[in-house]
Amino acid sequence: MKDLILIGAGGHASVCLEIAELHGFNVKGYLAPSKSEHFRLQTLEWLGNDTKIDQNLCENFEFINGIGSTGNPSIRISAFQRVTSMRGSFRTLIHPNAILSKYVKLGHGVQIFAGVIINSGAQIGDNVILNTGSLIEHDCKIENHAHIAPRSTVLGGVTVSEESHIGAGATILQNLTIAKKTLVGAQALVTRNFPEQKKLMGCPARES
Amino acid sequence: MKDLILIGAGGHASVCLEIAELHGFNVKGYLAPSKSEHFRLQTLEWLGNDTKIDQNLCENFEFINGIGSTGNPSIRISAFQRVTSMRGSFRTLIHPNAILSKYVKLGHGVQIFAGVIINSGAQIGDNVILNTGSLIEHDCKIENHAHIAPRSTVLGGVTVSEESHIGAGATILQNLTIAKKTLVGAQALVTRNFPEQKKLMGCPARES
Amino acid sequence: MKDLILIGAGGHASVCLEIAELHGFNVKGYLAPSKSEHFRLQTLEWLGNDTKIDQNLCENFEFINGIGSTGNPSIRISAFQRVTSMRGSFRTLIHPNAILSKYVKLGHGVQIFAGVIINSGAQIGDNVILNTGSLIEHDCKIENHAHIAPRSTVLGGVTVSEESHIGAGATILQNLTIAKKTLVGAQALVTRNFPEQKKLMGCPARES
């Protein structure tokens, strides 16, 4: 198994790093614009910024996308695309205390944090973050680059489209479709479908 | 141990089926109005609709009540009563990743999904669903046929009366009584007692 | 290891008692103004009220602070101070089904209930309650005597100052500071900083 390189150096990276350690993966160092001041990253070697990602690195290592995406996933997506465009790959990270149905399909480089529950029939796209304690019910589809924030709840049969953000503690009612690039606010309750690229807040959620 | 027959063929049935599999229970087939199109049910034999439930079936099998009950539990209750009126029985299903206090009393045919927590002194009635990630605090009483939806929180000393529905992500404050057949909406916060058979929505919850 | 004495005799004490049992700790009895009517406490010996706490007891036993603190932590804090002023100590209680990062610092007499998740870099002060299913994200600081109620969510980098109460199901957005003695209501969503000692309710939370 290849050694890993962590992209990013903040809180999200630190949680990814611990999951890697729990699996005994070897993390060689991290890429970031400058040396990290986060206590956890200081145990790792700083390898430079992300222009270091080249064919050679992509052949010899796998990556962890340690860039968070609260509200704006563009930096996270661009790191993903830089690596995959060079045929590099991301290691999927699943916290040992997540609960996954046997009947779940996972994409490339998915991150599943502690306390996450994924029920039967769910499909999780590439580069998706299922953050701490989030719940994906049966038969959901979570598309590429979506971020399901801590403790949010996606009920049965929901589609969360590409690059959407479901805020912390939010609930999406069953069988809805969250359009591409939607931002659902923290603690919001989504009770119906909305057109694309909206910011939805409140209980029930309204455009904001 | 008797083989099982699953009543119902949708998302709720599919989650029940996986819990049965995790325990190594043998499920002979399912009863539904027509053959299921759900991918998980297609691995099982369709045994016909629920008029097949007779004395003979009730003597030779146990049942799983795979009928969900969002908002209206009447079909689920009627399946329960048909079986029990013929002295048939339902298997209680407890996901291996639920956390139950040793001091909990469970009724007949209770379903406890992944990530559920039940604290000390709670009493759970017959045919109750404690859906994924729901939390029943100490000294609660959840009466027959109630449905505690995913990720809802019932604080200490609460009574949820028969046939009530506590919506996804809702919170019921401590020591309240939810009247019979109440529907508490998703993400609602119930802060006081209400008369019977109301629909309660919002934070704090009001009649709707 | 010293035997334990439980201070308090209600629902919170009963949950603490079960965690102690799960670890095989020996609980000698409980201190309360009168004999408890709670079914779980009736298996223990009533040792009198808390004026029994003296130097002798503090040398020979450790304590569990079984006094809850919904809204008003003063009785809980005064029990803590009485014991520690006599150089007595409290046993930290961690439910076996809590999920703790390896990079968490715990104060004295912390109580961590079932289903709690604490991520990397969190610091938890003395006499803190992390109630059932609460979530403390990476790099949070939860100061002395705070109570994080069931299923509440404290996002990354938040400081919850001394003696604050974060209500059931509430969410505190990342990097905020909750001032000393703040009461955050159940299901509230805190989106900005507030001056000291406020009662915050609603989504988004406002002074109440």
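Read from first to last, the chains carry the letters A, B and C; within each, the first residue is number 1.
The rule is simple: a contact is a pair of C-beta atoms (placed from the backbone, for glycine too) under 8 Å apart; a residue touches a chain by one contact, two chains touch by 3 or more.
In this text the structure is predicted, and so the values were computed from the model without any measurement.
Suppose you list every residue number at the chain A-chain C interface; are over half of them used by both chains (same) or under half (different)?
The interface is built from different residue numbers on each side, given that under half of them are used by both copies.
Working from the CA atoms, figure out how many degrees chain B turns to land on chain C, in steps of 5.
That rotation is 120 degrees, given to the nearest 5.
Hey, how far is the Cα centre of chain A from the one of chain C, in Å?
31
Identify all positions of chain C at which a residue touches two or more other chains, and write them in rising order.
In chain C, residues 115, 151, 169, 187, 203 touch at least two other chains, as defined above.
Quick one: which bits of chain A touch chain B in the complex? Just the residue numbers, please.
Result: residues 99, 101-103, 115, 117, 119-121, 135, 137-139, 151, 153, 155-157, 169, 171, 173-174, 187, 189, 191, 203 of chain A touch chain B.
Any idea which chain C residues touch chain B in the complex?
Checking each residue of chain C against chain B gives 11, 14-15, 17-18, 21, 38-40, 70, 97, 114-115, 132-133, 150-151, 168-169, 186-187, 202-203.
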